[in-house]
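Think of it as A, B and C in the order they're written, each chain with its own count starting at 1.
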Amino acid sequence: MQQPLEGSEAIARAVALCRPQVVAAYPITPQTHIVENLARLIADGELECELVSVESEFSAASVALGAAAAGSRAYTASSAQGILLMTEVLYNIAGLRIPLVMTCANRAVGAPVSAWNDHQDSMSVRDAGWIQLYCADNQEAVDTTVTAFRIAEQTELPVMVCVDGFVLTHTLEPLELPTHEQVDRFLPPYRFARALDPRNPISIGTLVSPDFYPEARHAHHQAVLRAQDAILDAEREWRALTGRSAGGLLALEGPADARVGILCLGSVFGTLADAAAQYPSAEPVKLIKLRTFRPFPFDALQQACRGMSDLIVLDRALSIGAGGILGNEVRAALSELPTAPRIYNFAVGLGGRDVAPSLYPQLLEAVKAARPARFAVFDLEPDKLAHQDR
Amino acid sequence: MRAWAVGGDFQARALLCSDPMARTGLTEIRIHGRGGQGNVVAAYLLATAAFEAGRFGQAFPSFGPERRGAPVAAFVRIADRPVRLRSQVHNPRFLIIQDEKLLHVSGITGGLLPGGGVLVNSRRSAEQLRVPGAARTVTIPATALAIEILGLPVPNTALVAAFLALTELLPLAALEKALARRFQGEMLDRNRRLVGAAAARVQAAVWQEEAERAATA
Amino acid sequence: MAEAKTPPAAADLRRRQPSFRGLDSGHFACPGCGQALAARLVTEAAGPDILVANATGCLEVFTTAWPFTAWRVPWMHSLFENAPAIASGMEAALKAQGRSTKVIAMGGDGGTFDIGFQALSGMLERNHNVLYVCHDNEAYMNTGVQRSSSTPHAATTTTSPAGMHRKGKRHLKKDLLSIIAAHHIPYAATASVAYPSDIRQKVRRGLEIEGAAFIQIHSPCPLGWGHDGALSIEVARLAVQSGLFPLIEMERGEVVAVMRLRNVRPVADYLRLQERFVHLFADDPLAHEELEHLQALADHNIETYKLRADTPGPRDSEGADTVRRGGLRWA
């Protein structure tokens, strides 16, 4: 049954349906509405849960970690500066192989200080060992949140659900919440094999010497790669249960044999999809909505790009001094193809700059000119630049 | 419900038709106000009312740190079928101005489509206001009405009601259902009365033709 | 190992103390390590029905080297600065699960006074049902004896060495207990490895209350303080008996009991045994001045906390007060 919901409220309700026992909360724009909604659900008795209002994001992640290790389903959310502050804990959680779900309401990272949406925060922690899933709209945010708990608990890996801050969190649109029955059927009660228990005492987080370290890291890496199966299983079962896709590894829109493609992560996809109808192009264009970023879906991506001559990769973040992040990973993955497409790597919408539908025909112009771009910030306004930067 | 609206299998989908009529039924509205005037709620009410009327509604604020008194804007899209684009509304068909002093801000009516309507919260008449670049202007004293009926100087309900009466974009009953999702008891009753009072202040349907015009690309 | 019978109930588990070895031998602490002794005493008194959240530091390093552990209780080490937050999360989970298992957080002085300070304050402010134990050996020992805010005034460390112009750490030992007092938690105390029964009693007191409890245990580090491991207990006792490390108990920020000193020792007796203070015994006006300064600090403690045995104290009527209060719950 559809209802009009603000993204944050929908995400909070999705989390509540998963019956977490501990939620750690620390405010940061634009994630704050999520934890506020959870607090209200708890206060109204719709969710039985310990809400711990911590004194920083570092502690938010730590409280969630402690709770999960002690045998309770736990949750927290953050953005930008908060994600960076808790980075050390994120590595710790993943390395200890603790199942957890966290929402990252994507926001630019200072300096310069920005409250607006881009992917710099989640991209900055892409190496921490978490599964990273990016949502293109609020329905996907809801469905991904619920499936994330199952994926996390099945793989014993933490899952970061990335939702564009403001653009999705603060947007109201109609969507469908799963029912309690559906979620209870899909998500069994939390059972963590290595939970701390006086009846079976273990030590978690011991010092690991060079004698054992590389093997531990290899095992973690393999676990995240294998998680692709869990992601696809969850996708299949969720679709069978609700009729909806949660997003899978990636999704395609447009003619299967299109030789030109545009690849993106997150909500900019919606604008591109409608723009493709608004600005029809003589050359058929395939849109690739990447949803799973970690584990990186090498095979699915290669399959989607086989036969493509030109691929535009849109980044919402950058690695200063090197260029696009998504662009470089895609480039590397596609270099394994016998004939890799020409890659045009552009960053758009950094720091929340509005991505208008007119971007679409402008992007295709770059392809027409066959000018592959190693990397460029596409939507710059040159008159705002100092002379040497033009 | 179209599959792609709620997520689904995009494999091998045909490109959406190139017909500009594909966007038939899309109305874009921009609402300007100041922090504390219920700007975002106005947008959410409109989008919720669209849902109650069986149509698609999308609403979001122009984002930023929250602060009383700062100029803010919110965007609404109402359509017959789901809209996926999420950019800000650059070319609104209608503007709702919650604070008339904002009319002094340059560019506030920027992008308004030719023939588009501007509804202003003001005690003054449209002729007295002289809104630049606007062919059609209507004013209502939304704050005064709100103080009288709600006991609060929040003009959003009155403005949304007047807007719907002017455009007949959605039935007022849909707005009342939207209000019922947000308010209960006394507050809901008052809001309902305010809807009636505000709608009565404007000439019904004078903007209906404009509302039915298809959005140009 | 198959679970053939039902696991023992919580009450059974608790009855198995105090001979319970929560921290067993086989770890590789330095001989005479005060912290190892303190941790053993704490877990003995606490019994097996606990979860331990341990900050980065000596204790965690010398007790767990994969694939071995010396802990016989459920134990977790996360990071340096978050033991109180991990403990808060554990406590919230246990509460949500309706279990009575208690949570003990352990950190050194670095992880408590410095890098973990924020998380500690947060945990205390939220009054989580956790006992926090600070193993205070007065420097970052695990990384090679660098100064922390707990390092006493005039002590030598690698980052506050004594030399021609400096006589060790310039700043005073942070008065953490006053800060803890300001959080008005149900119970806070200082203890010393020289008084093992006192540690056990305070641990039990801390675990019995509902709410946050804090114990700071003075634990000599033979390597960092510069004395023979065999002298650890004597050094610790002298610290207490000089007044430099007063043993006190607080409830909701008010001092309710102190360990009174029948025989107050001059600070020099304590300092003389440790190489980290050897520069104070040079024939040099600055050294004399610092020595006097330390004595003044001790005297100040004695006066503030009324440590001299000839002044009557609340513990004199402890038994009667307890009965009047209705039992052994110190809340």
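Definition applied: a contact is a pair of C-beta atoms (placed from the backbone, for glycine too) under 8 Å apart; a residue touches a chain by one contact, two chains touch by 3 or more.
Since we're looking at a predicted model, the values are computed, not measured.
Student: Could you leave chain A out and let me know how the rest splits into touching groups, if at all?
Tutor: Apart from chain A, the chains cluster as B | C.
Student: Looking at mean CA positions, which chain is nearest the middle of everything shown?
Tutor: Per-chain C-alpha centroids ranked by distance to the global centroid put A first.
Student: For chain A and chain B, what's the span in angstrom between their mean Cα positions?
Tutor: For chain A versus chain B, the centre distance works out to 32 Å.
Student: With centres defined as the mean C-alpha position, give me the chain B-chain C separation in Å.
Tutor: A distance of 63 Å separates the two centres.
Student: Between chain A and chain C, what is the gap in Å from one C-alpha centre to the other?
Tutor: 43
Student: State the interface residues of chain A toward chain B in the complex, per the touch definition above.
Tutor: That would be residues 2-4, 6, 29-30, 115-117, 137, 139-140, 143, 165-168, 170-176, 244-247, 251-256, 267-271, 273-280, 284-285, 289, 352, 354-357 of chain A.
Student: Would you pull the chain C residues touching chain A in the complex into a rising list?
Tutor: Within the complex, chain C contacts chain A at residues 7-8, 13, 48-51, 53-54, 60-61, 63-69, 71-79, 81-82, 84-97, 101, 118-119, 121-122, 125-126.
Student: Using the touch definition from the top, list the residues of chain B that touch chain A in their complex.
Tutor: Counting only chain B, the residues touching chain A are 1, 4, 6-18, 20, 22-23, 40, 43-44, 47-48, 51, 56-61, 63-65, 82-88, 90, 181, 217.
Student: With touch defined as at the start, can you tell me which chain A residues reach chain C in the complex?
Tutor: 21-22, 24, 48-50, 52-56, 58-59, 62-72, 74, 88-89, 92, 96, 196-209, 212
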